[in-house]
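What follows is chain A paired twice: with chain B in the first complex and chain C in the second.
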Partner chain A sequence: MRGKDLIIAFSLASFTIALGLILYLEGLGPLPARDLRFLATSILKNIFNPWEANLTTYSLNAVSAVIWDYRALDTILETAVLFAAITGVTALFREFFNVPNTNLQSLSVVVRASTKVVLPLIVLVGTSLAIHGHLSPGGGFQGGAVLAVAPALLITVFSLRIVYDLKLKAEFLLGIRFSALLLIILLSLTPPILASISGVKGYVLQNMGKADSPLSMPAWFLNTPLAGSIFFFNVLETVAVVAGLTLCILLVSVEWGKIKNFLTRDENRE
Partner chain B sequence: MIIPLIVVLVFSFFSIIATYLAVVEKDLLNSAIFMALQGVCYTLIYYVLLAPDVSLAYIPVSSGLLPILLLVVLRKLERFEP
Partner chain C sequence: MNEAASLMITVTIMTIVMNISIAVYGVFTRPSLTKKIISLIMCTDSINIFAVIIGFRISVRYPSPPILPEPPDLDDLQVFVSRSVDPIPQALLVTAIVIGLATSVFLMGLSILYYKHFGTTDMRVFSEEDADETSE
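And now, the complex of A and B:
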């Protein structure tokens, strides 16, 4: 099986690479132009530009500026997609929220020791990605995904016993996720609410002050750019992603026997 | 300009091989490892193509969360496909 599979794989890969090379050398038609278009130029000019106070975001990372300021509504809907997925998993596993596992066997000493070494590094990298999302590459989802690897590793290596030792409940994780998402919505609605109180104009998801609205999120923290709502959105998104993915791993690692018992019990009743 | 092109070509070559082996492999544990290998190749390609944000999101998802999720699910199923 091995040799034949390898030959097929190699030939497929060579074929694809050849096609790619032909595309790159414009053999199948002209490629799009490489120079920056108007939209890219204006975004790059304005993401950190104190002289253009109505258009700037004070974020040094262009991607973060686009996803949480210029196109923030898209990102909120994107977060809603992940939210819907986790709601689906929760609905599927609703009967197994706090089933005690009988099979609580952790992995070997070598794996446990190396996990203990790697874990603080993962947490450190995830936190720095989340907090510096507006200064360097990174952001809410990236930081949250890196941070969620830590509890996933913990559950896999030390088995679910660590969850019971920490008294971590699925409802608690779900609550954290809900409150982070609610805070995101609330933060995006803060400028219009403040505006209606003080009698000026304000927009949903507004970050810095605009031409007809003086309201503005904090742009600087001491002498570091804070980028206003981008920083807060990044942190809240991180919390939401960590809680959601941890909940997923926690629910999926319920022992198969319990699920089977539940399913057959349901059949017997009918 | 020529070095990024070579890196992209080499790693896309490996990623296609890993993808094919992940599909045909009968041992699902090996299949999960091939998927992680493909993810590492894609991460490098994204980084070389100047998309560090995407590659930062791809590292934990492809080589951390996805294999762990597959391993957890595999413990409940049979390891070998018929």
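And now, the complex of A and C:
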């Protein structure tokens, strides 16, 4: 046993020293960088640059511009990874919604009342993060993650009975998630489809017009920058993330409720 | 100013490296599945913070976030490019965090099923059960 501990301690120490040495010798370049990398400079210069119409995105938020314009293909694949994780959870808990009838007590009245105050604020902040993702800090993923806190809080505070009261169905949430993903893919295919109808060039995931393709998503809404497809992708991604994470939280807590039920029943028998 | 800042960043990077090794220790040696998941989340978060530090700019006195406050003119763009931090690591992290959330829910689901089957989250029970089956 002591030999094993020694080996673990030694390997951890050498791991730490090796990693520290790599960073100290600037194996990843000087940290943090003295100056911006070329790619970052070019992105920052072009996110909102009407004088460079071929490269601009009309988004004020550089992070959203990178996510849904410059590297949008990456993001669609990462959404697929998220989808795979959620599919994994649904596959683990295939027996949907046999909610146990015991152990459905909600928390005390203080917690319930304060939750009722906090809950609308969470929804408001999440929605605002999502729909202003191209103007201010935020975006589809962040808004979705904030909004998914609301169902988690609801289930914790009001117990699983809230699922009955709201008539939430796993198939319904899965359906929302599927349709949001389908709409994302459809939206990314819209420019080439429109282009083939009208006989000009168009690209998959195209946002603003390019030199050889006049097609463009709307850049302005009234007098606010809309950033074209970035806004729509943000909203759709929020819907997909909220539906997926709510489904995960629901399935895990249903399964946990069953286990609690199972355990107390055993204790009663003894 | 710059020396103090770089000392701060060296300390932060050292802390992150130590955090990563503690998390690796937890994942490899703790028998409880819950503690393994906690260590894994710790590891992910440390690496995320490290990626944010890679994108930071130390040569600028007051670096700004990569967000324009309002539609700019050409001078605003020049100032923005000279002061803003690198947006690419942040863009990569946004997706990494949400995917990390979904995968940790998946792992927790797996450990709930494990608990349902064995009545504990101790990984050693699984290998003992395995040994019993092979000896039979």
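Simple rule for what comes next: the second predicted complex is superposed on the first by the 215 of 270 C-alpha atoms of A that agree within 3 Å, B and C clash if a C-alpha of one lies under 4 Å from a C-alpha of the other, contacts with A are read in each partner's own complex, and residues count from 1 in each chain.
Going forward, contacts are C-beta pairs under 8 Å (C-beta built on N, C-alpha and C of every residue); 3 or more make two chains touch, one makes a residue touch a chain.
Worth saying up front: this structure is predicted, and the values here are computed from it rather than measured.
Asker: Under the stated touch criterion, which partner chain does A:149 make contact with: chain B (first), chain C (second), both, or neither?
Answerer: In the superposition, A:149 touches chain B alone.
Asker: Chain A residues in contact: does chain B have more, or chain C?
Answerer: C
Asker: For A:166, decide between first (touching chain B), second (touching chain C), both and neither.
Answerer: So A:166 meets neither chain B nor chain C here.
Asker: Does chain B (first) or chain C (second) touch A:118, or do both, or does neither?
Answerer: In the superposition, A:118 contacts neither chain B nor chain C.
Asker: Have a look at where A:139 lands relative to chain B and chain C in the superposition and call it first, second, both or neither.
Answerer: Both: A:139 reaches chain B and chain C.
Asker: Which holds for A:241: it touches chain B only (first), chain C only (second), both, or neither?
Answerer: Touch status of A:241: second partner only.
Asker: Counting only touches as set out at the top, which of chain B and chain C does A:252 meet: first, second, both, neither?
Answerer: Both: A:252 reaches chain B and chain C.
Asker: With both complexes overlaid on chain A, does A:186 touch chain B (first), chain C (second), both or neither?
Answerer: neither
Asker: In the superposed arrangement, does A:23 touch chain B (first), chain C (second), both or neither?
Answerer: In the superposition, A:23 contacts chain C only.
Asker: In the superposed arrangement, which partner chain does A:12 touch: chain B (first), chain C (second), both, or neither?
Answerer: both
Asker: Quick check on the output: what are the common chain A residues between the chain B footprint and the chain C footprint?
Answerer: The answer is residues 8, 12, 16, 20, 61, 63, 137, 139, 141-142, 145, 148, 245, 248-249, 252, 255-256, 259 of chain A.
Asker: How about chain B: which of its residues touch chain A in the complex?
Answerer: It is residues 5, 9, 12-14, 16-17, 20-21, 24, 26, 52-53, 56-57, 59-61, 64-65, 68-69, 71-73, 75-76 of chain B that touch chain A.
Asker: Which stretch or stretches of chain A touch chain B in the complex?
Answerer: 1, 5-6, 8-10, 12-14, 16-17, 20-21, 24, 61, 63, 129, 137-139, 141-142, 145-146, 148-149, 152-153, 156, 245, 248-249, 252-253, 255-256, 259
Asker: In their shared complex, at which residues does chain C touch chain A?
Answerer: 9, 13-14, 17-18, 20-21, 24-25, 28-29, 53-59, 65-72, 74, 77, 80-81, 84, 86-88, 90-91, 94-95, 97-99, 101-103, 105-106, 108-110, 112-113, 115-116
Asker: Quick one: which bits of chain A touch chain C in the complex? Just the residue numbers, please.
Answerer: 8, 12, 15-16, 19-20, 23, 28, 31-37, 39-41, 43-45, 47-49, 51, 60-63, 65-67, 71, 75, 78-79, 81-82, 85-86, 88-89, 92-93, 136-137, 139, 141-142, 144-145, 148, 225, 241, 244-245, 248-249, 251-252, 255-256, 258-259, 262
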